[in-house]
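Multiple structures follow.
In the two assemblies presented below, chain A is common to both, partnered first by chain B and then by chain C.
Let's turn to the complex of A and B:
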């Protein structure tokens, strides 16, 4: 005999406004992505470089739980606070950074009619929430009081203005065609994937996504061989895990948005999975987003890092004009086809 | 070649090159070539002339101290053993640079290089070998646990191949 309060609790957890941000596609799914994606990144890079990659933690499965071992190591490592650091900012910035990458999950629809908080303006909200992370990176770089973190922070400041504009304009270019800023309505309106309708906007969004998450070839901010770990030089232990995890989480959020804008979102819907939970009938969204993530981290083994000035040139001289062209392209498409 | 010169500004050409680069990456991703030696299971057979850990033979040593004099890193030192008039060499692996001068200078071949190189230490003090400790056979921990020796072969296709012996 199940007591009634317990049923209430289960119902509460399974309701969209808790389930979406905390379980799927939110925190729990994101943790799964984090653990497997970093392993896959290391494994793919190793394969391209004729190596094996992580292997000895659970050898029959090719070391897939390597990241769990790493996470345990980080948990029990001593987080060192530098004596000259601004301690409150130093500790709170990574935590806030992680929070800002988790909040968007409440507004990203995961299945038809399944979204934590359904808003008319979810696209700009999700993008602007993820745009709050770079200022926090600046805060960490200043708070750590170290020359490497400061150099990394300056690079982040330069990069931030170079990619954010193009990212927003590319997202709005495709939204212009659909005539709505709500992510769920954009997915519903998509009969032809957005990448076919506006490939320029898709390419810009993808490149800006790499820049946002500072993945190669744009990991200028962290630039391991140049400035140790950029703004994150002084972090250790669980705080380092947070700052490192935040960039992957940001990549995950933006790849979900990328799939919803350009790759048809949760279509095709699998109604059979709705019996487990209504959110799971949109599992195609997760699979597509994961493939996008795999491609994004695979680029690490293809490209070398760009210099800061080269990346800024790409940002301002290529991506920005192209994003304006993509808006014009969307408008032309809108006039010709009469909208979605 | 003129085709390889990078011309900035031409978007279509650079797009083509990006696609070629990604295709190359994917080709490597799907190939089964690997150059890694899976170390604890396999070890590279280093053969003659490898300058690994140094073995000292006490029965041959004449206590001339040439090894301690020539050592450029001051790793080799002469020790006085209790109850002995002669001094004998001991080595500190915190300092040793494996140059092999001591082995070369020894007039009676009391010092020799071994191919053992995969020793690890938990404490710095363990790296100091006094004469009593210095006069023992080196054993590679991987070989002790049954690692199979492999031979490195240069290969046109892969680069390096490792053939079991």
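Let's turn to the complex of A and C:
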């Protein structure tokens, strides 16, 4: 019997090239993360602060679909274009920003042998793609043509150079030990989690991750108490949803990378889930990444915001030298153990 | 091409023309209008001039919640002014009206009975704690520490409830009136107050762990917004802001009003004069207030809560009601209080600092003139002096640390 056209479509969707970026661990899973993570963040913070948090949208489940309600609200809200804004950049930058946070999913392996596009250099590629977001934030801040957005943009520019360097060096420190820049090979090579081998690199990567997504204590770019919402001051409606979502997406991408580099990736594999789809046997990756995300957003209820110059000082005077030390440590390990 | 900076920037006029201005001293500055409807500030505006990340000048532009209280007071009878002045500092209603009542009592030649003075002091200290917690919460959210904000505001509820038990109202108590207070102490009040104190002592330790000793807060607060004793005296700063600069001045000691002379308490001071010192002085004041509440509840004398001269005027049935319920009924003549012509001044220590009243009476049933100098109004000058040369991100830290309350400053 000849294959039906519908089967073709299903096969096409289930092929790694489409499934990885669009369904899991890509867009659809990311949306799920976005919706539940922001809810969980608000719920955890509320617990610490002796409040209820989101409650009334689907009350029996503690308001878990609050974010869907919010999203609907944003969808139907009028997106206001400031008269003096550079309209093309103003509209296109958030869209492009979202795109750059989704593209990396094509290169992040989700299970043994399951990756959208298998590249030898997936680690630098994923990091570089997510490094394209800050310049776009800068573009939005300039395009909005507002004093507060410009200050936010300047802060983003300062922060960007402070954390990107350390983030890259920390990632390469652990890659040096494994002798490969391919994420799937790094995961395969990990018998002992990377965090045990090179805790300095793990800590730096995590802190730089917080800076990237501007989460407390480094939510300097959006400093709501001084500059309203930083670069995103003028956004409303669906465009605001995109810029707000992009920072969470970036955090999700980086926490997937963090888990693959330092927490053993998709191990332990659960072969039973392969019958649903081969990607799901690496579900441990998703769970670990989610836990990392929960920890990252929980910091909100513990810390206040650092000052810009203090954050830069941490970036340049602490993270940067430490990241160099982590490279040296990897090399020493390499010499002692003879490599993974 | 009318901008002063335009000749040098002619090459690129469109952008720079609008963004760059020049202040009187010739600085190239980036002028930022923060407020009056800004997420972080109350209804006030701060005009900030920035040179890079450094604040060249921050000008507090107040008056957005000015309600002409002094003028309104000229059209109301003496008693009716109490609920009016409460609304200047609704979070510290007992203290701000106490100053007014003391001035009116001077004009009338009245003195409240000792039990009433103790009850006034009790409510004043409860209000002081609530006021400090309010400031605490604002200081927290200014640094985006939402946990401190929620905790302080949640725990303030304990004291607001206690004030409600005592007076019947959460915020606008109108409790302190010329000649006494309006309610007697409820029977179970002592237990409730001691429970609240025990709870607060525990919570202060929690605050210490999450806020005071938090490395981020230390980084943000230590050596930020420093004011030294001499400068603070010259500018006429009052309240915890002054005491954090090392000046031991407190109207409770200077005036010896209420039950304060009979209570054993300390005036906490610190030498550093930075934002952290202001925070720590407030915490210490909360502890002192709690110790004072304990002493008041132990020492409070029996007796009337209202001056005999006016209590006599009540009809026997109402007297009986007052005896039974402890809730005072005012005699009809009380609304037409008619002090002798003359002037009176009084000051009391609020949570934010010293409030000063000057009342002029022309012998009528309404005051001829009431002048209020509120602590927030005297402290607002700090915006200008503390922020100069600071980093832009220090502005919210300084704002939070000086505990400015716009409605009080604007009256």
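The rule is short, and it goes like this: the second predicted complex is superposed on the first by the 337 of 340 C-alpha atoms of A that agree within 3 Å, B and C clash if a C-alpha of one lies under 4 Å from a C-alpha of the other, contacts with A are read in each partner's own complex, and residues count from 1 in each chain.
Criterion: a residue touches a chain if its C-beta (ideal position, glycine included) is under 8 Å from a C-beta of that chain, and two chains touch if they have at least 3 such contacts.
What you are looking at is a predicted structure, and each value in this text was computed from that prediction instead of being measured.
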Have a look at where A:151 lands relative to chain B and chain C in the superposition and call it first, second, both or neither.
-> second
Mind working out whether A:304 is in touch with chain B, chain C, both or neither, as first, second, both or neither?
-> second
Could you tell me if A:331 is touching chain B, chain C, both of them or neither one (first, second, both, neither)?
-> neither
Once the shared chain is lined up, is A:50 touching chain B (first), chain C (second), both, or neither of them?
-> both
Between chain B (first) and chain C (second), which, if any, makes contact with A:31: first, second, both or neither?
-> neither
Which partner, chain B or chain C, touches the larger number of chain A residues?
-> C
Can A:223 be said to touch chain B (first), chain C (second), both, or neither?
-> second
Once the two structures are fitted together, what part of chain A is touched by chain B and by chain C alike?
-> 48-51, 301-303
Which chain B residues qualify as touching chain A in the complex?
-> 11, 21-22, 24-25, 28-29, 33-36, 38, 158-159
Interface with chain C, chain A side, in the complex: residues 45, 48-51, 147-148, 150-151, 216-217, 219-220, 223-226, 228, 300-310
Residues of chain A that touch chain B when the two form their complex | 44, 47-52, 55, 298-299, 301-303, 318
Per the touch rule, the chain C residues reaching chain A in their complex are 19, 30, 32, 34, 38-40, 53, 140-148, 150-151, 154, 210, 214, 216-217, 219-220, 391-396
